[in-house]
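Below is the structure I would like to discuss, written out as structure tokens.
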Amino acid sequence: MAMMQECMEACSAVSMCATMCADADMGEGMGTCAAMCSNMADVATTTMRMMMRPTGYDRGVLTSMMTACMTMGEACAAECRTHAEMSEHCRICMMACDAMVEVMGKMMSTMSTTS
Amino acid sequence: MAMMQECMEACSAVSMCATMCADADMGEGMGTCAAMCSNMADVATTTMRMMMRPTGYDRGVLTSMMTACMTMGEACAAECRTHAEMSEHCRICMMACDAMVEVMGKMMSTMSTTS
Amino acid sequence: MAMMQECMEACSAVSMCATMCADADMGEGMGTCAAMCSNMADVATTTMRMMMRPTGYDRGVLTSMMTACMTMGEACAAECRTHAEMSEHCRICMMACDAMVEVMGKMMSTMSTTS
Amino acid sequence: MAMMQECMEACSAVSMCATMCADADMGEGMGTCAAMCSNMADVATTTMRMMMRPTGYDRGVLTSMMTACMTMGEACAAECRTHAEMSEHCRICMMACDAMVEVMGKMMSTMSTTS
């Protein structure tokens, strides 16, 4: 439960950082990064909301959504990493994605051991 | 490309049907169905938006998001199916989910053959 | 009720057109248009969802949300209009916004006469 | 700018509290509250995202969106207040809405004085 809480907070942070990174990218002509961050923000928001709805809990659904969120988080972090030297918002977004992928990975392994 | 278009339209239909089904469920005290449909609406909206952003296209990310959306679609359809006899909105939502899962499954197999 | 249905469909169309316009803008370096269309897509989606939840209906809330959506629609259409000659996606998004503002304006006047 | 930051955080808090309140309401058969909180979560998320996109800033649009968000916040708080005695999640959601309305009201008056 504490781990779920950590995941929600990590998703919330990513959702904010990616929305702001996307906006800044738009103003700076970094199209791919802007579009990936827009996807990232939507995926993180949806994953967070799913975690906030225990009434609708389905283990298989949550697991596959977390897998999608982690895949997206790795791709978004990789894209942001290429601009992290020169762009503060990319560096912040990258770090938020990395942190989310890590905590979500931990939760995934806990979920698979506790059946 | 035509298949992607079909997927987007199927996601849009699910997103609407699930939002309306969730609202009706809330008024009728069907908690689990309401919460699963709320999740379904968010997942379908996010998947649709990802498909509508070719600039941010990443094959691995899209595949994992489609997997999550299909898993959610199957779970939501299964839940709605249990009320489909007595509840029109559940029957409609179930059919929209089934149709989305089918067309998305076709797109997945096309994506895996054309590398 | 038929008018509400028309509004939902207009919001859905705007939500799609604006998401696609934003993505294309990102790839073409049109930052302001991309960010306004991203806002437009979120506002149209939220307005549509509110209309799809009669259980949570509140006349004052819906009226103020429709006002925000129309204000956003006019601003987004104005921005897209400046690129409409050269950019197909802006022309399509502009038309969808114009149509939504029109049908929503009609619904607003119906709502104010039928108290 | 510090005030904008406060507004974003207040929107984020409301978006989370309202999502969790809606889910709990669904499980407890409180339909109206569930649907209003679902609307509140969407409106708060959209308002927060708009604030996070300075590239797409439009004063008139932001003002009307904040007005809609405050109207929604007052209605949601009023609904949650009726269950606040017996329901912890309603009390938390009500307080988050009240806090958001207050800080957003302050920002609105700042925006109208500084032209």
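Order of writing sets the chain letters: A, B, C and D. Residues in each chain are counted from 1.
We adopt the following convention: contacts are C-beta pairs under 8 Å (C-beta built on N, C-alpha and C of every residue); 3 or more make two chains touch, one makes a residue touch a chain.
Please read all numbers here as calculations on a predicted model, not as lab measurements.
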A-D compared against C-D, more contacting pairs:
C-D
Farthest chain from subunit C, going by mean C-alpha coordinates, please.
A
Centre-to-centre distance between subunit D and subunit A (centres being mean Cα positions), rounded to whole Å
23
Between subunit C and subunit A, distance of the C-alpha-averaged centres to the nearest whole Å
27
Centre-to-centre distance between subunit D and subunit C (centres being mean Cα positions), rounded to whole Å
21
Name the residues of subunit C that each touch 2 or more other chains.
22-23, 26-27, 31-32, 34-35, 38, 45, 49, 53, 55-56
Given which chains touch which, is the overall layout a line, a ring, a star, complete, or other?
complete
Contacting residues of subunit A [partner subunit C, same complex]:
22-23, 25-29, 31-32, 34-35, 38
The residues of subunit D that touch subunit A in their complex are 8, 12, 16, 19-20, 23-24, 26-27, 41, 45, 48-49, 52-56
Contact residues on subunit A for subunit B in the complex?
31-32, 34-39, 42-43, 45-46, 49-50, 53, 55-58, 60-61, 64-65, 67-68, 71-72, 75
